[in-house]
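Only one structure is covered here, and it is reproduced in the block below.
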Amino acid sequence: TPEEQAFQKRIDDGIKIEPKDWMPEGYRKTLVRQIGQHAHSEVVGQLPEGNWITRAPTLERKAILLAKVQDEAGHGLYLYCAAETLGVSRDEMTEQLLAGKSKYSSIFNYPTLSWADIGAIGWLVDGAAIMNQVQLQRCSYGPYSRAMIRICKEESFHQRQGFDILRVLCQGSDEQKEMAQDAMNRWWWPSLMMFGPSDKDSVHTAQSMRWGIKQATNDDLRQKFVDQTVPQADWLGLKVPDPELKWNEDKGGYDFGEPDWNEFFNVVKGNGPCNKERLEARRKAWDDGAWFRDGLMAHAEKKRAAKVAAE
Amino acid sequence: TPEEQAFQKRIDDGIKIEPKDWMPEGYRKTLVRQIGQHAHSEVVGQLPEGNWITRAPTLERKAILLAKVQDEAGHGLYLYCAAETLGVSRDEMTEQLLAGKSKYSSIFNYPTLSWADIGAIGWLVDGAAIMNQVQLQRCSYGPYSRAMIRICKEESFHQRQGFDILRVLCQGSDEQKEMAQDAMNRWWWPSLMMFGPSDKDSVHTAQSMRWGIKQATNDDLRQKFVDQTVPQADWLGLKVPDPELKWNEDKGGYDFGEPDWNEFFNVVKGNGPCNKERLEARRKAWDDGAWFRDGLMAHAEKKRAAKVAAE
Amino acid sequence: MMDPFVTFCLRMGDNALILAQRTGEWCGHAPALEEDIAFANMGLDLIGQTQLWLKLGGEAEGKGRSADDLAFLRTERQFTNCQLVEQPNVDFAHALMRQYLFDAWHLPMLDGLTQSSDERVRAVSAKVIKEVRYHIDRSRDLVIGLGDGTDESRARMQGALDELWPFTADLLASDEIDDDLTARGVIPDPAPVIEAFNAETAATFAAATLTVPHTGLTRTGGRNGIHTEHMGFILAEMQYLQRTYPGVSW
Amino acid sequence: MMDPFVTFCLRMGDNALILAQRTGEWCGHAPALEEDIAFANMGLDLIGQTQLWLKLGGEAEGKGRSADDLAFLRTERQFTNCQLVEQPNVDFAHALMRQYLFDAWHLPMLDGLTQSSDERVRAVSAKVIKEVRYHIDRSRDLVIGLGDGTDESRARMQGALDELWPFTADLLASDEIDDDLTARGVIPDPAPVIEAFNAETAATFAAATLTVPHTGLTRTGGRNGIHTEHMGFILAEMQYLQRTYPGVSW
């Protein structure tokens, strides 16, 4: 259709799509799904790190962690707002999450078992997230692109803080080094999986790229992440748990092994180590908080009614 | 009345009163109140010590503490049985406890703040309890007397174990000694108060002694306890927190200060540090457990009905 | 008697620290995303306050103890926070009420401290009071909104108030240590602080349609290291890493 | 590979220890006085079993670590209990179901161990099995009684079963360490143990009118030191005194 052609031309010309502009239903749906998942990931992402707030080893680290978790909740808020511009409310998206109909990043279905995990999440998980989010700053949908610009600034800060946690551990006692290596062993592969399945198995990539929702393929991003991260691991003195990892002079990047995609799909399906706990925690927060939300709403209504009566 | 005279004669002759014997209503009421309170004390008494089961410092100490708390629950059971012989059911007594109508020993309204408190409870609190219970072995009411004989055996074991906790602490590091002394400072006065107010202020003592429910006065028992305990404190190297404490050669016992009876009556009234927590914990156990008790009852009923049908 | 100035700094710092622990437990579990953010933010402020007060206390003590040493290497009986801040997160109503009651004392206390004869105290409180003004604006609004909300929200807020009110005695208590510092102008006279607390809470609870319980029950002791049975569990969790790996950097 | 025999002893001991911790939390909070007594008694048995297995493990390891050292001075990743035993006391139904599932594995496992080629293992399991027979008689009766009780008691027991069943995978798992020990006759072949577990639970759940969930979800890792997020909190509490006052006697 001419509408579709004009739409595609705007995208090809690098002009942002704004909420009131015409857009194909598929474009809208893809964005709602993706931004919703992204928002949910920020919200659920509070849980694995929140697990260590009361146990952070110094006041400074506790403050940094609190600030980070606060940022994540804030990112969730920006993203829900961005999705709302597409005509779906935060409450609707929340209901979909709690009903298990909408996903969140599978990485948050792994448990945080030691303090080093907080470092590994910042360094690897936020590192992988940024790799993905940097390209999303150029997303064709204006509100999402702008949310991403704000988010990326904070995320790179988080990544540096995570790296710093591991730096101190790696320069510390033998037990601390062991803790760091253990975290590396457990978080490396799940982090690689964060980019999603290989392009050949990815359903949405081609169309998303045409629409300017995505600027790079899963495999490209994964390669970039590995190339960036391996030298950092070397610097830290951590061993990457991949026997196939090798520098490839020809391609100017690392060759690396294939993640266990069975595990990936199993976790996506809901069978990861913490899927149940994460969703239950969010459900409990939502259900236990109903009285709070209702109470404030009732109060606002009373105030409004009193104001109307006074006028 | 002749009945009353015969009853009093039996008591004076040292013959036990048994459940089916005639007894004055006042005697029955006094016993129900006293045995009920005693049973409740055993049950509520699980809480302050139970607070340290998950934190006991060695496996051996954890086992000993578990055994002790188990004994307390068991004592509660014997005592409820003894009270039931007087025509009041365990459930009725429990309801009275939970409604705040029946008391339990005020000592359990103090918090256990350190491991040394577990030692102090065994040594001082069980020590004071035994002092009282030893004479109750000779109580005129048969079932109560017999329950007391069983209980006393175990309690003296508990007292030795409590003493042993403190012995190790007092022979340990400076921090451990400080912990022991701190427990002594907090538990000494409440332990003295366990014998109840001074005889001149005690409402029930005279009649209870006539009826053979009580064999010794509050003040006599308190004196005995002090005389027994002070040398043990000396041996441990713990200071008794009473500036008026002094050996009195003439009476062959210690002079000691007056407990703060305002505090005592305040705690009895419900204003102690843990009254609210203790009762709430028992209420919660009872309320949360309703489905469990109902479920088992329903199952027993089904089985009974099936058996009847089969016959 | 312990050094009064050091004790005062520890009491201020311990209040902030233990309240931050309780606040931090909500992370990811609050009833609305805005509350997740607000609670994390409040926790962050409180940890910042902890650092300021414990640093000052450690310096005044002169034994080379850092804020971290004081936070992670003291034992229960050495903590001097009021019992209010250690009370558990039974529900979000308890969390809000605890915060509000604390704020209602904290603000006038800090207001007095900004007039302290001690320059360091003036400096810390001038910084902290800005955050606390923001805290109480929030907590007061929520107490009023939820008190005067639905039947359920009122019942929950009233329940929290009934349970937590006895602990305000600990907040408002003063002893010879305070007398000494008041005499030297380091801390304010307790009377106007109590008056401000009473005025603040009376107005707020009236607006919230909540009633202060009149049982006369009071709970005190936290400022002298006598805590409720919750405290040991808070510390076991908070200090676990430092206790398990002594002497290393983090 | 860690020493198989030591690992085996630690797994047995850690199971008992962490289950005892969860069991001990009920003390004074159970739904009937009889249950307070039973849970304290079970905790006591489990601590006794912990002492036996960890002592044996420590001796076999030969580094001079006592049962207490192993219980109180290892860190989370070094604990090898199955994830089942660390699951929280959501309600008494969870506590009973956790106990029953554990017992349903524990008994046939011990039965096999009484035939061990290792004399020490035979001695320990001969002692322990008597206690565990009593445990399962109790836990089975209660699972049946409450499953086939009221609607509410059935719903609670079914809920607990749904939540805990995935963790039985960890109980029944075996790895190269087990293979090695089985080959040497130290521990029984896993097949008959699994068979006994399946027969036991099938009969009991049938009598209890409960249904095993068929989601295929399995949770494993505890035996290799990968735990659920509950574990760190259990250890922080359990080890606090030993960590805070290192090297002293108790």
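Order of writing sets the labels: A, B, C and D. Residues in every chain begin at 1.
The rule is simple: a contact is a pair of C-beta atoms (placed from the backbone, for glycine too) under 8 Å apart; a residue touches a chain by one contact, two chains touch by 3 or more.
Here the structure is a predicted model, which means the values were calculated and not measured.
**Student:** Let me spell it out: compute each chain's centre from its C-alpha atoms, then which one is farthest from chain C's centre?
**Tutor:** With centres defined by C-alpha atoms, farthest from chain C sits D.
**Student:** Could you put a whole-Å number on the gap between the CA centroids of chain B and chain D?
**Tutor:** 34
**Student:** Could you please state the distance in Å, as a whole number, between where the Cα atoms of chain C are centred and where those of chain D are centred?
**Tutor:** 41
**Student:** Scan chain B for residues touching two or more other chains and write them down.
**Tutor:** Chain B, residues with two or more chain partners: 55, 175.
**Student:** Tell me, which residues of chain C touch at least two other chains?
**Tutor:** 75, 232, 236-237, 240
**Student:** Linking chains that touch, what shape results: line, ring, star, complete or other?
**Tutor:** Other.
**Student:** Residue numbers of chain C touching chain B in their complex, please.
**Tutor:** Residues 75-77, 163, 216-219, 221, 226-229, 231-232, 236 of chain C touch chain B in their complex.
**Student:** What part of chain D is in contact with chain B in the complex they form?
**Tutor:** Going through chain D, the ones touching chain B are 17, 20-21, 24-25, 27-37, 40-41, 43-44, 47-48, 50-51, 54, 67-68, 71-72, 91-93, 142, 144-146, 148-150, 152-154, 156, 234, 237-238, 240-242, 245, 248-250.
**Student:** Would you tell me which residues of chain B are touching chain C in their complex?
**Tutor:** Spelled out, the residues of chain B in touch with chain C are 51, 55, 111-114, 175, 182, 186, 270-271, 273-274, 276-277.
**Student:** What residues of chain B sit close enough to touch chain D in their complex?
**Tutor:** Listed in rising order, the residues of chain B that touch chain D are 43-44, 46-47, 50, 53-63, 66-67, 69-70, 73-74, 76-77, 80, 90, 115, 165, 168-169, 171-173, 175-176, 281-282, 284-286, 288-300, 302.
**Student:** Note which residues of chain C are touching chain D in the complex, please.
**Tutor:** Touch list, chain C to chain D: 75, 232-233, 235-237, 239-240, 243-244, 246.
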